[in-house]
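Here come two complexes built around chain A, the first alongside chain B, the second alongside chain C.
Up next is the complex of A and B:
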């Protein structure tokens, strides 16, 4: 015979179900929004690209006559209404076919596949580098506010935000490739090629994470439950890492997700300086060449990466803080 | 403890750096490491409009003829002799005993297939201007072909010698442009080893290259070409010894690099001519000030070309007065010259009805500092030029439809040493012609199609004189090219922007 659940257990179970349903609805809402944002981004970028110049003229090059350009428009279907071109493209893109690059005359998916690894390696190593240095520095700055550690962390933050990435990259190249020939200045042939780009890209992301960690830690360290923990006689290390950092680091996770998206999509300058043929560099060069299919595909991939990372951060926040689900 | 920990990781990192794969030094492993700033769209010679495409054309393939830069003569290459049968027909006797890199024997079938295929518009060759004059090519024997042109085309030999690579017909029929782009096969002094699209191209010496050809046997074992867009990174690569050869080095950087002990800096003039391009014909009826002759002449007198060339362009570039490059057949410098005279410029502007000057949009797409210098000089005579710096495709489209009153234009003539490639292109009634002068169009039609050299010269001269008198364009200067390379290399730069690595060697 099955025992009847106690009233208290039933209430807990109902509450748990409500929380599960709420989370599901919240997830579906965010997913729907993500899909809409993706479509809007792709449609807007498709339209904006037409303002950068006539793709047929760009494909034709210097020697192309008007007749050649008209012929190119016909061959590539550029003489059709823009919305037809867009619908045709998005339909194929959903099936994984991004078309042929006007410039390379190769499938866009093949070109992107060759570029993704370098961007992924650079993005992942840079975010790891940024987290490894910025979180401890942020914690130390929060433990001893206005001390020399805090001032040094602040100085590094300001430097990181103020210093142009390309300049830092070139300075590292001058020092570590020309003066002390220890590291190669450009390329992607081995791990050593990623050391300098990782430092430059990671350093750019460090200030935001470091300042957020510091602010979060200072707020948490001043809270009642930390005071209670101290009063209970817990070890300082335990208070700091088990109780304080776990709470302070929640917004850092969200920001890191966005920073990671930036590192994957926004590393154009770094990729250019260090001649890393990644996705950012491909996007930049393709815009200059009016290589529409490639630009469209790269924008879509970047948009999806950003949206997925933001979605994950939203869901994480929603899971951690039920108040967010309601709003 | 933590200090020991940090020290440990520093030692590990340093050890890893020291054990990292070393860069391949050029001379030591007989590999010339070359850097170029633009990713090549396709290695297939007929499907790119890049400068590096022209360079590769001479490395990987051969044409029927070869232009001797020193004498200007066309020498036999894959052809052993050639002649004009009539004004529209040429016949070529072909070289025997030549093999493609894949072992296929070269003969008339390859010439016939290549020239007929590339000149067929439906195959979508990108460099239409280079091939659209071909009517057809016929086989007369295993080593003899006849080439017919659609019209009288006296510059045919120049085009054939320049960019008309001959492909192995069986291979090309099988792999097409995509296959040729990734696994190029030709008869040239270098053969393709590896092509990584958008990244690098590796070539190896063709040990079986025919010695009797005008290019001569190559000396350097391997050419490794990488694409790096950032010039500062290129310079760092050269200084660190990982690269052996770069070009298009900015003048200020070149002057500093020239003082370095391990680097040679060489400066050469190029065929690329910069000029102010006016909408003299008032194509769209917008009634711009530059529709008036005196305004265009005033602009010509307002710019101190010599000072800009001496202080900004520098190097081996030269002042240009005529709408062509001096070494091109038919080009003459015997035209009206617009000397720097700001007082005269102001007087002409006043006579044209603009005593206080005017405002004008100034379009451009290359060498912005030079544009700004021109803008400064125009400003001193009252012309407020507002720079519109766009992409090449956007500017050209606007020029063609008559939406650009004044542009800072430039043209490299595809290294074709014939005025038809410049004067004919901009003033021969083409879509790029913003002068639309019927007399000029008539003279150029005769000059571009006559087979009599004297008739051609006379008509080019008439056209160029009129273009200068009417200031349809104001030629400025030729572009300067700086090369920087390791002292270990024997290299000689040429004005046609085609580095001949098959003539280079290690010291």
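Up next is the complex of A and C:
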């Protein structure tokens, strides 16, 4: 068992200058990787449009004549070479212009802006919900392995891994909207509409955070400096919170960022179940309506958010743990 | 002069590795429970045509929404009730098990082949090859894959084949990550340079030196990914983008029952519980295989 050295000790042993340049190189490397990944993902989401066959025919609908379709192709620029179309699209996307929605006949950016708040509220409240429950559960499970808390935590995560999220959502609606009419089943009008979706979405992020907190806490509690602290006669509470938890919680921060990204992707199912007017619901509706510019934009935005979160998590880890920077 | 009796050979040698493995398997509760449940579901799925009381596609508007057996007004004709167009729910449930298992198995196979090939090649060759494959894995991990799966299946048009292919092409990342690190560990063992020194071909080293030593990792990942694929198919079908009606998919059954949520909640409870039990069984089995084959147990 090797304890994670404290940041202060590392600064002494390495000299702050070397530490600074190492981190800079690591940051630049990760940043370059993130940019390349973003470009490839954007090309993929642009390419989705062409999976459907002829997008011009999809816009025109069934009644369109050949002349109409040729006209549409001209208006939307679909007659130009595909790489020109991609460069145009990505260039405009960088300026926040994702084109016109085929369905709403409005700028996609305007439609998305209206849908972002609901998804962000849902994502943030779900991650907060997950952290509030999984960190204390993980810590208690680590202090007393095999106790009833540990078993409950294990049981909850085994259940969560096997339950379809949409089904849990529907069952909560049956219980809390039909049997005990406490909460509204669907909509976005007030905070009470977010209670059930938050629980469902947060629940599926809990197992990973719980497991990591438990493992990190167990490793730290077995380390030498905790034994020293105990031998010095520090209060158990102070050892637990000031010495152990602070170090154990470091990887949890980065995994939470990654889980947050996952949640945004998973929100398509939950938002559909609860009819929350967010980005996920927009994506689902747009797929059903063959509104490709909107679908592409939502995928690109989700991918970029996810890439940025992963980048931040990696940088945080690299900053806290110099061993990661070497690879 | 009297010699002490010679103990039987089994006592001197102790239990063989095979006996130890069998003992670990049969004393592992999760593995046994998961295995038995999965075997039962597999049995029902295979014998669905024989066991189903009715044709799963046969509609009957006079007996629509008849209640399952725990309600007073249930009928023997439909032990688990009937859906909104009068199709027998038990028969649909049995045929639905076939869809879930088929999708789980095919997706695990396709993604397993892709991920294992990438992982072993990256782990064995290292260097530039590893860099390229690691980049591909990073790329795959950066794709919001639930959204992409939904979009691709939705745009191409949902069907069993499309769902299998799309999920198979997306879900290989865990195989690649696990197989890569497992191969890296095996690569440092002495018998790999030994095999290289006696002139074994690369294919032979990969297939008969490395593969047998990482196959237990493969089995663990494959079971967990199979469970994952089943849940994703259910979600896609629930969103109306996966397997299309009238095919009896459990996710689709939940979607169809959603409209009757307020009065007939059992329409979503039954297929949901079926999904939960199947995925739980597969996960227990996978975790059990991991515990039983873990080297620290030997």
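Note that in this section the second predicted complex is superposed on the first by the 302 of 327 C-alpha atoms of A that agree within 3 Å, B and C clash if a C-alpha of one lies under 4 Å from a C-alpha of the other, contacts with A are read in each partner's own complex, and residues count from 1 in each chain.
The definition used in the following text is that a residue touches a chain if its C-beta (ideal position, glycine included) is under 8 Å from a C-beta of that chain, and two chains touch if they have at least 3 such contacts.
Being a predicted model, the structure only gives us computed values, none of them experimental.
Look at chain A after the overlay: chain B and chain C clash there.
With both structures placed on the common chain, the touch criterion links A:133 to neither chain B nor chain C.
By the document's definition of touching, neither partner reaches A:86: not chain B, not chain C. With both structures placed on the common chain, the touch criterion links A:182 to chain B but leaves chain C unconnected. In the superposition on chain A, A:103 makes contact with chain B only, not with chain C. After overlaying the two complexes on the shared chain, residue contacts for A:319 are found with neither chain B nor chain C. When the two structures are aligned on the shared chain, A:264 is found in touch with chain C, with no touch to chain B. By the document's definition of touching, of the two partners only chain C reaches A:161; chain B does not. Applying the stated touch rule to the two superposed structures, the overlap between the chain B and chain C interfaces on chain A comprises residues 52, 170, 173-174, 178, 185, 272, 288, 290. Within the complex formed with chain A, the chain B residues making contact are 16-18, 20-21, 23, 39, 41-42, 47, 49, 121, 124, 126-130, 177-178, 181, 196-199, 226-230, 232-233, 236-237, 239-242, 390-394, 396-397, 400, 411-412, 414, 430-431. Taken together, the chain C residues at the contact with chain A in this complex read 135, 138-139, 141-148, 150-152, 154-156, 227, 231, 234-235, 238-241, 251, 254, 258, 261-262, 265, 268-269, 272, 275-276, 279-280, 283-284.
Within the complex formed with chain C, the chain A residues making contact are 33, 36-38, 40-41, 44-45, 48, 51-52, 158-159, 161-167, 170-171, 173-174, 178, 185, 261, 264-266, 268-269, 272, 280, 283-284, 287-288, 290, 292, 295, 298-299, 302-303, 306-307, 310. Chain A makes touch with chain B in their complex at residues 52-55, 57-66, 68, 71-72, 75, 103-106, 111, 114, 170, 173-174, 177-178, 181-187, 189-192, 195, 272-275, 277, 281-282, 285, 288-290.
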